Amino acid sequence: MSGARLGRVLALAAASSLVLAACAGGGGGGDAGGDVTSVKIGFMGDLTGEAAAIVIPPRNGAVMAVKEYNDKNPKVKIELVQYDSQGKPDQATSLVTKAIGQDKIIGLIGPAFSGESKAVGGLLEENKIPSVSPSATNPGLAENGWTYWHRVVANDSDQGPGIAEFLVKAKSPKKAFVISDDQEYSVGLADAVAKSFKDAGVTVETDKFAKGASDYSSTVTKVASANPDVIVYGGYYAEAGRLLKQLRDGGVKATFASGDGSLDQQVITGAGAAAAENAVFGCPCNIPSPDVTGTLKTFFDNYKKANNVDPAIYATEGYDAATAFIKAVEAGNTTGEKINEYLKTINFEGVSKPIKFKANGEPENNAIFVYQVKGGVLKLLGPAEEAKLEG
Amino acid sequence: MKGNGVTGNANPLRRVGALVDGARDWWEHAKAWQRYLVYLGAVVFALILPAPAIGSFMSPGADWTSVLIYPIGTYILLAVGLNVVVGQAGLLDLGFVAFFAIGGYSVAYFGTQYGWNYWATVAFGIILAAVSGVILGAPTLRLRGDYLAIVTLGFGEIVRITANNTDEIGGARGITNVPHPTDIPGVVEFGLLPAPYYYLILIAIVLVIIFSVRLQKSRVGRAWAAIREDEDAAELMGVPTFKFKLLAFAIGAMIGGLAGGIYAGKAVFIEPNTFPFILSATILAAVVLGGAGNLPGVILGAFVIAWLPERFREVNWLKDVLDRDPAEYRILLFGGVLVLMMALRPEGLLPSRRRRAELHEGTGGMGTMGAEVAGPDTDVTTTEAAK
Amino acid sequence: MLLEIKDIHVHYGKIAAIKGISLEVDEGEIVSLIGANGAGKTTTLKTISGLRPLTSGKVVFNGEDISKMPGHKRVMAGIGQSPEGRGVFPGMTVQENLLMGAYTRKDALDADLAEVYELFPRLAERKNQFGGTMSGGEQQMIAIGRALMTKPKVLLLDEPSMGLAPMLIAQIFEIIKEINKRGTTVLLVEQNAQQALKLSDRAYVLETGRVVKSAPGPALLDDPQVRAAYLGGH
Amino acid sequence: MSTPVLQLDNVTMRFGGVVALREAKISINPGEIFALIGPNGAGKTTVFNVVTGVYQPTEGQVLFNGTRIDGTKRFKITKLGIARTFQNIRLFHNMSALENVMVGADSHHKTGAIGATLNLPWHRKEEKRGRELARELLDFVGIPGRMTETAKNLPYGDQRRLEIARALATDPKLLLLDEPAAGMNPAEKEALQALIRKIRDSGRTVLLIEHDMSLVMGVSDRVAVLDFGQLIAEGLPHEVQTNPRVIEAYLGVSEDAS
Amino acid sequence: MLDEFLNQFLPSTVGGLVVGSIYALVALGYTMVYGVLRLINFAHSEIFMIGTFTSLVVITAIAPASPLTGFALFGVMLLLILLSAAISGGAAMLLEVVAYRPLRKKGATRLTALISAIGASLFLQELFALVVIPWLTGKAGRNQQSSPRLVDRDTVFTIGNAAVRTDHIIVVVAAVVMMVALDRLVNRTRIGRGIRATAQDPEAAVLMGVSIDNIVRVTFLLGGAMAGVAGALYLMEFENTVYNVGFVLGIKAFTAAVLGGIGNLRGALVGGVVLGLIENWGAIFLGSEWKDVIAFTVLVVVLMFRPTGILGESLQKARA
């Protein structure tokens, strides 16, 4: 009865809406013409979600850099707008659309993770908004042909081999066991590590577990049964800590190594100081420790003063990403397009490393730094080429 | 002990209910042109909904049109689909997200690997979802309600984990660069701007509503209602109950698959974690919160559940009071509101009259919890058997 | 008056199952409710024991208005019931079923348990068998015995003869008489009107949720209308 | 004599240790009104459940118009032409009276999801026919003008009639009525009696379970008595009524016996 | 492949038994509530989570400088178990009052109750993440919280190549003891009879003077207490917890309950252990990432061939 009627009316309306759709387009670029006294730059990442521990430090670094710049009373001030994507691609999409359309940002620091970067890269490209991520390490990001996308960290294809080659050099293992959980970052890193090991002639066995699992006994059993010389886990600190503890409890004594996602003090609290001792971490990040010198020392002190904690992972990268934008604005660029052109040519000595971008947005310098747990704390051993394992 | 007939007072929701009843009475007696006017109004409203003027209030924190596509539009589409299964046929499905995933993956996979036309991939995704609905349903639909719930939950997880661990479809990395919908020359171009997708999803919702309403008013819908009320009696009146339950599963799955296809075309990138269990639970909550079985209610429920948390991110005075981002509290609030709503208005915001009656009797097709006083339903077959 | 029901109305959803029934049961009596299926007999019993909420009216027991008292407290107050379909707990042994009857009691049970076993020697033999595996008649015995274990002042029996062989029916009615003799008031709902009326001091005839007739049992037995409707019409 | 409409051939039905039906032999002829009586729990409803496919008999077979139907799916038995009502009314309570009857009528319809969605001609035709049939049947059982009312809001007697209309909508050759008079007042019973005859006169066979003796005696052509799962008597109403075994088992132990 | 299997079989079995015992304890709560109310208490996983945090607080407060042994260990474990059981049991009772009782009184459907349960589950998780955990530990609520070591990982004995450690024995023994205790309580005591009676026939139970409200309360208390014990054992074994620790484990435990035959206490034990073992054995062949898929597939297959689970439903029908 009324259903059929409803149908006909709605079908008509639906058809007409197609026509409207054509006109209703909108949203716009972030052109800010004329005399500009202030510009907006966004920071996007997981600020309150489960992986916030990795995003808060670069956020703090970026905030610091912008504040230092604004304190100098420049002609064009920078306002840093923070977007909490919770690391979710959907969230990031609608936030970016808003950042571009309403807030009219002219550049974006972030998104922090690879998934969200994949989701919003196209949008940024379309709207000519340059982005510099302090922490997204998925290799595929550079292969999308995006010209507005950049990052200041080495990708997992560099990180994985970095870790593997370092371990081969330091431990000359015959057999390696590579473990990952089922998250994107984890799988990518583990695959890269496994491949480098194989290329170096090391036998590799692998296992994988679900992210939410807490009982790794089957993985431990596999590792124990394989009896490897080194174990590499690609993944985040929460799982790394639990895994390391259960491995050691299960009587596995081989060297344990992991990547940037696990490089956090919580891996030690999670595993227990005894189990974590001598664990090795590779990271494309440069985390200053209290004993550093020079510009890093200044950064360390300022960061600690501002945030009451030691700088942690990607803090320096966040600072450097912000600095890249600051330098562009200082040079008189106030539109996304101009800033992007400037970024193509940028070359400065960042806190973390020298900052210069390749044409595809990757950093010129893809150094991997090696850390090791010593006496219950993470210690920077130096860049992978120079670092020496202790114990 | 409060009887069924004894109603409490001083419940503000009840007054809302009375208002709704009034509107419904009007609707039932409305003339044809009056109804047309309402349809027209609804459509016009939907067409101008993305207007920035509305958006600045509805979603100050994120792009309104994008929010209208995901989560709002997508949730509505999914909720209308799940409503077929839960609201109309009375089957409890806790793994609906699986079909959403299957639709999404089929668009992403066949689009990127084989370069199929987008619309073809959507159609294929819908078929694939329907087939998986049948595959899931055939062995399990004979199970009792709660077992069905846990089995569907398991199925949802199996689909997600399998996607996560299968490299052929991208594994945990997901699939990037999913093609946008093919442009319709001269009419619409699907790029990165959200507006065309909004209208696409709007058309999909409208079509699915028509579909759903027509089914409901047909032999099929009557059969579902009969199954929900008394499965044995329905079977004895010549309703092939198993076939119709399977049909409900397949149709719900198709709508889920359609939603997945549209989603993937817009999102460009999908990964297994886009399809977590909690999404199934959320959609189910939307259906029940809105009033299972009643389409306007289900749509309202989906809208509220999709929109409220988004809106809640931007309540500035809360930011000051809490000294924290209120966005952090939105799931806490969501959970609390669910508990509260179910206690105050267990039949949902806008229940169908039939459904509300079922709930009041405690015979909503799924039986009651052992209340202090048991409901009036006695199972004839079992008591007979005991004799 | 031990039990008094005053103009009760009961609804299932919107359907009225009972439309104003009033009845009285005096201490020591056996009172029957007879009537066709669907007349409201079972609902009346369930309302008395608190399994169904009242729409209006009053249930007075021992001089106290118990209309709002929850079901389990009515048991403590002294209303015992053997429900329709017997309601034996299938997964419990006979003994456990009987002990369930004494659920609310804190006093010694042995004597009462012995009395039930004396009334139903059959149950004593099958103490440890599961309720669900017993025959219909045995289940009926459990149900009645279990209700007796609540030490009721008034015992509500819902169709105790249902599904029983004639031999057993006679036996059950004997036992009801015996129970009554030992001092328990009985309110009986029966299909088997003939037997029930013979046993009862008084009886009420129910039709579509109303009392249409009430009189001493034997008087009804001779009532032509009642005979026509419930006793086979000759 | 023509083939019996329904034939129970030594049907035994056991539940665990309980025998609900013991070697029952019943044969019902076309156009008959056949009543099944017996005390509660004697196995009458079990007969219905065996005939309609709810239970599969432990032993024996059920023949409908000469074809074996035990083991056939329930909805298929309905399609073959057997419909029933229930002892405790099992309407679709929250559907309208019209919809209830249409569910029955739908058993012979074919429209699926596609036809309904596209509103195809045959779907419209079926809907129209179903609605007309439902109207006619509501009229036939004597409750016209109650079409849009929700089933559970109907008075008890009307609900019984609605159940009959719903069953009739499946176009049964054999209609099983399970205590149709339960809960009816004398006037309603009177009308029911007429209705049952009218159904028979429309060319259907009726199998009836009933406690109300005046109804049974007034309407049935033949009566069978079940006791304790066993068929103890069968014959014309007055024969059965005077059978001493029946009186003992059902109508009450004879006066002098007590 | 066979080689690998043989090599890993015994260690996997030990691991499966340990995690299976924890599944089983959590499953008891689901199965009891289901038996009495026919309700999937979705928030039961959060009751387990509360148990882990209670234990975390206790262990942190005791803060053993080194792992304990002997009587000290026994005493502390007992304290841990009792406190966690008490707090979790109390929380479960509170949950019932807030989230389910109002619905029960209105005669709402189980679907409504399920939504309320999902709401309560989310609410409790977030409440802990945002308020309770920061308040208890002073750390960010969404992070892993680690506990000091209570029990040394000493190998007590070995079977083939499988080392059975002190902590394994504690988990399995404690779980079995708790289950035997619960089984006795339900089968031998008055209150247990009340629970079984309510599960089998609520109306008849009321006629025996059983207060359904009371029984429901006790059911939640007992189920919650078992989840609390599971929480204590979990924390002792895995030494960390997080606000959403219950989510995956809860689904597994419910699966175990259904697998064993929901409503059946011994079924929960069987289901939990079977699930733990099959998961771990399957992981040898397929890899640990397929554990959950294995678990759910086993569930579907079992239900297809035995719709009432391995031992069948039982608080209602035949005895446990």
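A, B, C, D and E label the chains in the order they appear, each numbered from 1.
Methods note: a contact is a pair of C-beta atoms (placed from the backbone, for glycine too) under 8 Å apart; a residue touches a chain by one contact, two chains touch by 3 or more.
Keep in mind that what you see is a predicted model, and the values were worked out from it rather than measured.
Engineer: What's the overlap between the neighbours of chain D and those of chain E?
Structural biologist: Correct list: B, C.
Engineer: Among all the other chains, which ones are in touch with both chain B and chain C?
Structural biologist: D, E
Engineer: Count how many hops through touching chains it takes, at the least, to reach chain D starting from chain A.
Structural biologist: Between chain A and chain D, the shortest chain-hopping route counts 2.
Engineer: Could you tell me which pair, B-D or A-B, is linked by more C-beta pairs in contact?
Structural biologist: Spelling it out, more C-beta pairs touch across A-B than across the other pair.
Engineer: Could you say which chain's mean Cα position falls nearest to the mean Cα position of the entire protein shown?
Structural biologist: B
Engineer: Distance between chain A and chain C based on Cα centroids, please, to the nearest Å.
Structural biologist: 75
Engineer: Can you check how far apart chain A and chain E are, centre to centre, with Cα atoms defining each centre and the answer in Å?
Structural biologist: Distance between chain centres, rounded to whole Å: 37 Å.
Engineer: So the centre of each chain is just the mean of its C-alpha atoms; given that, what is the distance between chain B and chain E in Å?
Structural biologist: 31
Engineer: So, what's the distance in Å between the C-alpha centres of chain E and chain C?
Structural biologist: Chain C and chain E have C-alpha centres separated by 43 Å.
Engineer: Provide the list of chain C residues touching at least two other chains, using ranges where the numbers run on.
Structural biologist: 13, 50-51, 70-71, 136, 162-163
Engineer: Quick check: what residues of chain B touch more than one other chain, meaning two or more?
Structural biologist: 2, 4, 161, 164-165, 210, 214, 217, 328, 357-358, 360-361, 372-374, 386-387
Engineer: Using the touch definition from the top, which residues of chain E touch two or more other chains?
Structural biologist: Residue numbers touching two or more other chains: 203, 206, 212, 287, 289, 292.
Engineer: For a test of understanding, state which residues of chain B touch chain D in their complex under the given definition.
Structural biologist: Where chain B meets chain D, its residues are 210-211, 214-215, 217-223, 225-226, 229-230, 232-241, 247, 251, 353-355, 357-358, 361, 363, 378, 380-381, 384-387.
Engineer: Can you check the complex and tell me which residues of chain B touch chain A?
Structural biologist: 32, 35-36, 39-40, 43-44, 46-47, 50, 52, 59, 61-63, 65-67, 70-71, 161, 164-165, 171-174, 176-177, 184, 187-189, 191-196, 198-200, 202-203, 206-207, 209-210, 213-214, 216-217, 267-269, 271-274, 313, 325, 327-328
Engineer: Which part of chain C faces chain E closely enough to touch in the complex?
Structural biologist: Per the touch definition, chain C meets chain E at residues 49-51, 70-73, 75-76, 80-81, 83, 87-92, 96, 99-101, 103-104, 130, 132, 146-147, 150.
Engineer: Would you tell me which residues of chain E are touching chain B in their complex?
Structural biologist: Answer in residue numbers: 34, 36-40, 98-100, 102-116, 118-127, 130, 198, 202-203, 206, 212-213, 216, 251, 254-255, 258, 262, 287, 289-290, 292-293, 295-297, 299-300, 303-304, 307.
Engineer: So in the complex, the part of chain A that touches chain B is made up of which residues?
Structural biologist: 1-7, 9-11, 13-14, 16-22, 24-27, 47-48, 84, 89-91, 93-98, 101-102, 115, 118-119, 122-123, 126-127, 138, 140, 144, 182-184, 186-188, 208, 210
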